[in-house]
Every structure is written in structure tokens, then in C-alpha cells.
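Take a look at the structure below.
Just so it is clear, A, B, C and D label the chains in written order, and each chain counts residues from 1 on its own.
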Amino acid sequence: MIIICKRGATDEQIAHIEEAIRSWGLKPHTSRGVERAIIGIIGPEDVVREKPLEAFPGVESVTPVLKPYKLASYEFTQKRTVVDVRGVKIGDAQKVVLMAGPCSVESREQILEIARIVKKAGASVLRGGAFKPRTSPYTFQGLGKKGLELLAEARKATGLPVITELMDTKDTEVVEEYTDIIQIGARNMQNFSLLKEVGRCKKPVMLKRGLAATIKDVLLSAEYILNEGNMNVMLCERGIRTFETYTRNTLDLSAVPALKKESHLPVIVDPTHGAGHHDLIPAMALAAVASGADGIMVEVHNNPESALSDGEQSLLPEKFKALVAQMRAVAAAIGKQI
Amino acid sequence: MIIICKRGATDEQIAHIEEAIRSWGLKPHTSRGVERAIIGIIGPEDVVREKPLEAFPGVESVTPVLKPYKLASYEFTQKRTVVDVRGVKIGDAQKVVLMAGPCSVESREQILEIARIVKKAGASVLRGGAFKPRTSPYTFQGLGKKGLELLAEARKATGLPVITELMDTKDTEVVEEYTDIIQIGARNMQNFSLLKEVGRCKKPVMLKRGLAATIKDVLLSAEYILNEGNMNVMLCERGIRTFETYTRNTLDLSAVPALKKESHLPVIVDPTHGAGHHDLIPAMALAAVASGADGIMVEVHNNPESALSDGEQSLLPEKFKALVAQMRAVAAAIGKQI
Amino acid sequence: MIIICKRGATDEQIAHIEEAIRSWGLKPHTSRGVERAIIGIIGPEDVVREKPLEAFPGVESVTPVLKPYKLASYEFTQKRTVVDVRGVKIGDAQKVVLMAGPCSVESREQILEIARIVKKAGASVLRGGAFKPRTSPYTFQGLGKKGLELLAEARKATGLPVITELMDTKDTEVVEEYTDIIQIGARNMQNFSLLKEVGRCKKPVMLKRGLAATIKDVLLSAEYILNEGNMNVMLCERGIRTFETYTRNTLDLSAVPALKKESHLPVIVDPTHGAGHHDLIPAMALAAVASGADGIMVEVHNNPESALSDGEQSLLPEKFKALVAQMRAVAAAIGKQI
Amino acid sequence: MIIICKRGATDEQIAHIEEAIRSWGLKPHTSRGVERAIIGIIGPEDVVREKPLEAFPGVESVTPVLKPYKLASYEFTQKRTVVDVRGVKIGDAQKVVLMAGPCSVESREQILEIARIVKKAGASVLRGGAFKPRTSPYTFQGLGKKGLELLAEARKATGLPVITELMDTKDTEVVEEYTDIIQIGARNMQNFSLLKEVGRCKKPVMLKRGLAATIKDVLLSAEYILNEGNMNVMLCERGIRTFETYTRNTLDLSAVPALKKESHLPVIVDPTHGAGHHDLIPAMALAAVASGADGIMVEVHNNPESALSDGEQSLLPEKFKALVAQMRAVAAAIGKQI
């Protein structure tokens, strides 16, 4: 931690800061320039990270030297994490994994049919929401436990592992029982109680980036999960909220190389929620593959016009099939397989 | 709902849309202009709000006529809601209510002393966190139930009603037992399970605006609570996330007149989290009063240098006292009392 | 234009609006629903676009039916524009054009050497700044006219057409004399005097998206140029400003399919300014190709450590060469050539 | 400047950085911690500010110690600047100056009438646009020189000094001849050619914050003007672009205390463009006064329904008059006069 003092910080103020640092068991190292004094803190940065250094008179700003996350950092493992989901390897340097399915599980027929379609087209994980976080209380809230059972049935029918969202600590047990990957949605990315809870689960977790979350915030949220002992965490870029209204969100693909530089965790991209309009999704899915994503999650619906949620951003089966062919070509161009 | 068709939308496409509208029990009213057809939908807008109209071929865009929230809208009550918290009236047109206290409850001595200080200075509600949502898992997470007990003790000692945050549906019962107002934090503003849960509570709720939440999002989240039957809801502007890094967040004071125009619910402003630096807070607190806020929530600490959280943005007791005097003058200037 | 009236708008208010519409030579068409009246305006939308309809009592909101830009819209040409720059075709459906070079022209040796390097690596346009828009007045402001002369010399030596920025209407003549493409920088995207000026130039223009510009804003700025008669306009996505600070800006690749859907103009992507760190640029350049960009602009420097501007985000020659090979593979995967 | 090296930066990399620092005439001071080396640079920070330190292998991040602006900083003058405009003192600690008038000068009758109205209501500066920066080329672009002449006539009739916008370096002479304050609009805040130009003018300048400009960016743009010798600069907060669409922009009132802390220059607030709807403006104008602004600029129109620009956000004369009374009361509450 490096403290830059205010111009004109008094000797008393500086001595007071140095004393506080010593009282925390660390060592201050002060250099007085012509214009300002700078105090380096020697010793474990964790100890000072929590201290309100900017509350001390004479302090202008404080710069951390180390990253605030550890378990999530690439430095921690020095190699990429590969999450194994019933034999599907996510994070493997040679692979791009496709996760596809409807926004919501709506009925037995719907989920079974879509599961078969996406499997045939090349997906290796089936997505489908049973507990749905909806902006309005008057819209479809998901089938709940019934939806989980239908997902399990679709898994049995197709062999595809499934991913579904957990919204409430009260539902942890039932969701973990049925799903293969627990999804934490963007709106719960900083629901720290939920993060701790899934940190104690045995199933892998996919953590979606919040609408206002920085790269650092995402990694700190992942740290909550890792810190409870669950090391099978994937990160998911799904668009951030910006001033642009043409798209539903702004898909930040630079998060892919950024997260892969900072962390060992696999990175998935969800172009569906980022773009929000079905005709923009194929271009963004291809771009996501080219950016180095370990997986792509896409919403597919066999009858978008009657979908109970997200119909306007779901791909029709034939569009998805054509997109998979293109994604395969782009993946091959950068030395990967789908 | 008004559907604007694409230029070149075919007769078949338009007929298909009209048919769908009729199948939902509504009436399409189509006017064909020189360049485009426009389809008005006659009948209750709620029915179509969930339909994925943009998934229909030939549709360019869809414009709702009505607001997506009802119970939260000013139109619903046609008068301002006043929430009564142990005799403190929040939302009264002649009053500005001060809520003050430390970020976190840290110890018996700390909360009791600060409670006495803020009461003497003019606050009528005591704030203090027992369950703390912290960005990093390695920082102080709050005293939990012990913190709630200390808050209750401070209430007994001073007579001030208390407000504290609920983070997890599992803690609802214990938090509701001890607190007078349940706070939903910014990071949980779209934790819909939690919103439904507090909608079933008997205690008033203060809902903080999320970092990426629009005015409409805030009102839809309030709608979740109201829709479960709890009509004692307050909204709280506490800063949104923008590109500006000088301040911790960007306090959006225009949310005050905007929320009061759209809704009947009281609006509180928290300048502490918006500004994030103690020396910017007084100016923003005064501005918040002038903007018409029904209440102001400020973090006060008797020893910021040793605070376990938010020390850099807490006001010292004497600064808070001076600020209250100024807030009283500004409130008087617009015909209100503190 | 569709006017949604306030609930409770009076007959007088509605009549007053209708009268105003008629006074502008248009026809109002009012339908009164149970809750609200809606007034459609029949006739050319341009006439009403300028009218302050929201200033009329009783108006709740106003929805335009048509896009505010015409010449820039895909509907206008119904085919893609291809800009020909000394034989280099930009916007051709089978091609991706590479523009590369240093941030600034620094010296004769520098620009000649880099021009040869990027040409050999596969670039077909040479970039280089002579007039530099710099955030601080104390940093290198470019060589000015001398820089333009050196660019011309580099063009002569390599045959590469050049692109350079125009910042001031006073420099139009000299910049147009030397350059092949006039660049309008992000910070001048809404410098409307400059846009009109280049609209009267004969050379093609590349318009960079402003840091806070929506898709609609970009197209309206392009409309300024087109409206003066210069139809050779290219648009350039170069990152928008968001809350994320890890990257210099947030490269919004969804702008590529969005702009190509809305407009007939070619779309270039500049991943250098978007990412701002040399190690994130290759991934974003590949993603840009996959997203469908017509061209990619990258900063290359033979000695970034001594670059007078943007050294930290310039690629070394060997890195650029390796990147071109990868971009070629990705382009081929989607049926294009570099 | 403080350089934080990468974990694992080699001795050679560190030596190479140190050597470069020495070659620039400065002194490196390296301290090697357990995890990372940190290199402090001793000597004038200006010299290194331009160097691409992040382009050096082994560098993780670079932290400046000093602010990048000097002339604009409070440290430079150590007292507040008061700009004198024909006797109107802007920046005086006891005063709040009102600037009011129409968005655009539309006709002789209009500007003379509005000038008389705002003067009578309490304004001391008349605003009015002659050259108008409009998003669309198809909307009213201002009366140009004719507008300037009408403003001068209104000044003669009322004695009010005038403020109007300069958009193009080509118009500097004529605008400076007629106006008392030169306005640089938000969209030209980083039009550096224009900034240098007005830096050479003799008239005071009001610089509006750009839609995506940070506090630091605003001060660096002011630095461009100050650095050319014009010390009579005022800053103006007018709303930034965020994800919120309810308001036209998000008025960032925390910019008022922030700019006044960092700089000696007067700070004006324009609530009209921030809020964008006439019914939100009074609350924001009052909040701006309470936040400590030195001046408030408001759009007033005697006939908003027929205004050629910004009618929806202009106040009617009687509303403005009522607002001035309230602003006076709020100003008095914080020890100021209007």
C-alpha cells in the first residue's frame, strides 16, 4: 500500500499515520519529496486493506500494490482451471463449449424438444431457467421445482448436463440436487449470502457479471465462492449497462482477455443477453469465440413467438444450427474445436 | 401497446400479428401510413406486456402506452404515502427526516455513544449495519445477530427507531424482530426473492436504488414489495455507477423529483455512499434537502480512523452537528422542518 | 409521430395539440382509450421532429415512427456502400481492410520504417497522426504540416494510401491536400462545424464514434457529412466510456452488426483505443473481424518505449505480423479475405 | 510517479526501466518487497508523464503522484478566482449569479422580450444561442451573426451582459466582438483547437463539461485555455451521459464541491440540460444553489410551444420568477445572495 500525502501535510499528521501503521504490526517507509511525502507500507497488505486510511488527516490518496483477490488470480494457480461437468471439460485450451436452450423451462414438450435440437446442433450443455429473476412481478416467474424436474428429464433423454439459476439461499438444496452447474445471475452477482452458499456446494458454479460490475468486482465475487472451498467456478460475460439503448446491454468482449489475464477461471460469453435482439446475436457469438471465450451460452427456442420469456432474443433452431457451423469455423481458425 | 412495423412488412406478416393479438383476447387497430403500418392494441396492456412482440417477423419496435408498475405509481394513490415508524412520519410534506449512525455496529460502546450523539444533533432514526454486504470476502462482515441486539439496546437508550439491512431470506425473521425499518441494499435491489420476502413482512422497508438501476427499475422493484401487501415502502437514492471515478458513485439527485413525480412513495437520499469522501458529503446533503427529499441518511462515526468499514466517508460528530444546522436552514427555505 | 397523452389530459388540451398539428400542415388522428388518448400525426415526420411537443400541456411522451437520419440509413441506398481509396475497396463484402501505423508521425525515419513494416505484414492503409488531440496541453501535440508531408513521403515510398486526423476547420485545405482519408476523431464527433466542412470535401471521411455517442448519434453525425454531399463516409467503433476502468474504453463490438443493420456505410473497428493495453488488442482485433467489420485499424510502433504518444497500446512489428496471420484465418472462416 | 512492477519482473527488466528513467534526467528509487519491486521516480513528474512506461516489460501499473493540471488547480492560486463580467462578479463567495434566456435567439421581439423578463426576475446575465450545435442536421442551426447582433441589442436595452456559444475557430472574431462571455459547449469540451483559440481571447470563457468527461478531463480542458493566457475561465456542470433515460442527462451535482475542492475556478450549474424536462428543473436548480454553485444557468422562453429549440425544457416566465424567489431563500440559508 502506498500513501500519497497532501501537499502541506504536517509533520504531526505524517507521524500520526506512521504510528497507526506501526500499531497494526506493519512498517511505514516515508520518503519526503519536494512537493509531497509518500509513505510505503511494508508487510502484508491484507492487514491495511480494511483500514480507512483516507480518513486520516493529511492523506491525499492510497494506492494498493497487490490485487484484492488471491484465489481467483492467475498468480495463485499459475495454470488454467478446467471444470469437468459430467465429462464436458470447460476451460480446456483447445475447446469451446456450447451451452444452449430456452430462457425458461415452459413445459415437458418444450424442454425435451429444444434439448434434442440443441444437442443435435452441437451443444454440450443444456440451459433452462426454473427460478426466473424478472424485472416485473407481473411476468412469468418460472416453473420452480417442476422446472428442475423437467430439466432432469431432458438430461436423461439427451445425456446433456444442465445449467440453471439459483436465486435464493432457501432453494440451494433442491437446485443443487437437480442441476449440474449452478448459475448465479447478473442481478445476484453481489448477493454475498448466495455466493457464500454456493461456495459450500459441491456442484460447479457459473457466475454472471453484474450489470455494473467491473472486472475487479467479478473477481472479488468469485473469491467469495472460492474462499468457501468450491474451486469449480466459471465466469460469464453477459453485457454491462451503458448509455447505449440500441442493444439491451453492451457486451464487453474485452472482459474475455482481461479475465483470462487476471484469473485462471474459465470464461463463458452469453451474447443473447448482451445484444438482446436475435439478429445481432450471431455476429456477437462469432466475435466471442474469436476473443478466446471458453464457452458460449445462447438462448434457443423452437417457437419464440409464444415463448414465456425472452422470445425476442431467442434463436430459431435452424438459425442456431447455421451459427454453430460458423462458430466451428472461427474456432478452428484460432486452433480450437467445438 | 403500439407496434411500429418495418418498412416493407408484408400483408401476411401484419395479418399474422393481428391474429396473435386477437388470440390473446385483444383488438388490433392497424393504420397503414405511406411508409409504415402501425398497429395499436386495444384492451388491457398487461396481457401483451409479456408477449415477445419483437419476435414476430415484420415488427420494428414496440412502444408501451402505460407504465409497467401500478401500485408504485402516483396515479394509483393520487396522494403521497406517509410511513409511520414509531411516530416518526416519513413522507410528510412539511418534514425532512434525518437517519444517522455508523456504517456498521462495531461494539456496545460504539453504537450507544453514536446513537446519543446523532440523537442530540437532531437525527430521528438510527442507522447501523449488522449484516454487511462487502465487496471483498476478506473485510469485516458485520456482527450479525449480536449487532441487532446492540441496535435494540441503542433504541432503548435513546428512543430512536432503528434501520438495518437484511441480506438473506434466511435472516428475515431475526432482522424483522429487532429492526424498525428493513433496509434492502443497492446490491440486492433486484434480488427478487428477498423483495417478495419483505413484501410479506409487517415492518416498513427502505429500498436502495441499485448501481445500475433506472427510475423504472427502482419502481418495478418496489412493485414486488407492494404486490405482496407491504405498502410501507421508502425509496432511497444512493448514487449510481458512471464513468466518473472522482466520487465513489454519482449521486443522481434528479431521481428525487423524478421518483416523486412518478410515485407516491417517500424518497430518502444517502449522500454518504454517493460521494464517498467525507468532505463532499455536506454539500450533497444540503443539495438533497433542497431537491425535495423526504429524508437524509448520513454515516456518522465518533472515531473514523478506527472504523471497521466506511471510515473515509463517515462524518465526525461535530461536522454532523454543523451540517444539521445548515440542513435546517435549507429545509426552512423551502418550507420544511427537520 | 405518436403522442401519448397524460391520463386526465383535458379535451381542451387535446384540442389545442390537434390544432397545433393542423397549423403545421399535418393531420392529427386521435384515438381515445379507456385510460389515455393517443394522437397519431399523419404527414411528413420531419416537420414535427423539431416541434417541442413535450412542452404542450397534457402530453406524456412522444414516439417517433421514422428514423431521424435518412441518407445514412440502409433504407436509403438498399445496398452497401463501398468506398474506393486509391484502389483499396472498403466495404466490399468479401474483404477486411487493415489500416495500421503509429499513433503519431514522429520523424521521417520512424514513419518510413513503420510504413514498410505494416505494408509487408499485410496492411493496405497507413495511419499516422499529424494534428493530435491530446487530453493534456503538456503532451506532444503532433508535427502538424511537417507530419502531413512525411505521411505523403511514406505513401510515395510504399504505395499505401494514408489516413490522418483533421481537428480544426482552419486546417481543412492542407489536410485534404495530403491525406487520402480524413479522420474525424472521437472527441470531434459532434463538432458539427467540422462535420459540415468535411461534407464539402472530396476525400473520403472516417468518422470515429464519440465516447458518449449512441448508434443513433453516430448516424446523425454521419448524416451531417452526407447531407453536404460527401457520400464516402466510413464509421469507426473505437470504444465508449463506461464505468469499467480496467480497459481504457469499452470496445462495443455490437456496434458492428448494429451499424451495418441500420446503415449502408462501411464499419471499421479500432481495437487499440478500445482496449488501451497492447496485450488485450490481438483478442479484440480477432473478435472485430469475426463480428463482421469491414476494416481494422491498429497502432503499430517499432519502438513503443520511446513513442511520443500511445506507446503502451502499440503493437510491436512481430506481434502485428503474427496477428495479421490470425486475422486472415478468422476472416477466411467467415468467407472473407484480408 | 510510482511504478509497480509485475511479480516476477526480472532484474534485467528493472535495470532497463531504471536506465530509461536516468536517461530522461530523473532518478529511480527502487524498493524490492517480498512480492514486487516498486520504483519511485524522483524529479519533475512532467517529464515522465508523457513517457509510455506501461510499454516497458515488467511494468504492472503506474501511479502519478501529482495532478496533471497546474494552472487550474486550487494549489496554484491558493484563492478563489472571481471573474468580472461588466461588473457582475462570478465566483464571489457571497453571491450566486443567475444566467437566463432562451436556448436560441429566434427573433428581435423574442430576445428583447425574454431579456426584459429575466432581468426583471433577477437574472444578471442573458444567455442565447446564435450558433447552435444540434444533433441532427435537419433542425434549426441558429441565426448566426444576426443572432449575435440581436443579443447585443438586448444587452443595450437591458444592460445585461450576454453569453453565447462559439462552435468554430473560424467564428472566433465575430463571436468575441459581440459577446461578453464565450461559451464552449459540452460537445466541444475536447475540441482542443477551439480551446487554444479561446485561450488567446480577451473575453471570459465558460467551459461546459462534456457528456463523458471526468472531473480530471474538465480541468485538463480548462488547462488548455489557461495555458494560452486567458485566466478568466468558468466551469459548467450540465449533466453527464449515464444509463438513465428518464432524464436527458444525469446532473452530477457532486461535481460542484469536487471542482471547487480541486480548482480555484468558478463553477456554474445548468440544470436545464441536465434534467431535460421543465418540471424537474426547479428542484435541480435549488439543489444546485445548495450544493455551492457560483451561478445557475436556466433556459426561459415566453412561448415554449413555438420555440425553435429546447421548448420542452424551457421555463415559462412566471415559473422562472417563482423559482428565483425560492433560489434566493436557499441561497440565503447558506449565507449567499442572488
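Before moving on, here are some points about what is shown:
Basically, a contact is a pair of C-beta atoms (placed from the backbone, for glycine too) under 8 Å apart; a residue touches a chain by one contact, two chains touch by 3 or more.
Since the structure is predicted, the reported quantities are computational estimates derived from the model, not experimental observations.
Within the contact network of the assembly, the step distance from chain B to chain D comes to 1.
The greater number of contacting C-beta pairs, out of the two interfaces A-B and B-C, is seen for A-B. Distance from the centre of chain B peaks at C, each centre being the average of the chain's Cα atoms. With centres taken as mean Cα positions, chain B sits 26 Å from chain A. Between the CA-based centres of chain B and chain C the separation comes to 38 Å, rounded to the whole angstrom.
Among the residues of chain A, those in touch with two or more other chains are 212, 240-243, 245. Here chain A touches chain D in the complex through residues 2, 4, 7, 29, 31, 33, 35-36, 38, 40, 42, 63, 65-66, 75, 241-243, 245, going by the rule given at the top. Of all residues in chain A, those touching chain B in their complex are 20, 46, 49-56, 68-69, 133-140, 167-170, 187-188, 190-194, 196, 210-212, 217, 220, 223-224, 227, 240-241, 277-278, 304-305, 307-312, 314.
Taken together, the chain C residues at the contact with chain A in this complex read 212, 214-216, 240, 242-247, 250-254, 256-258, 261, 274-275, 279-280, 283-284, 286-292, 326, 329-330, 332-334.
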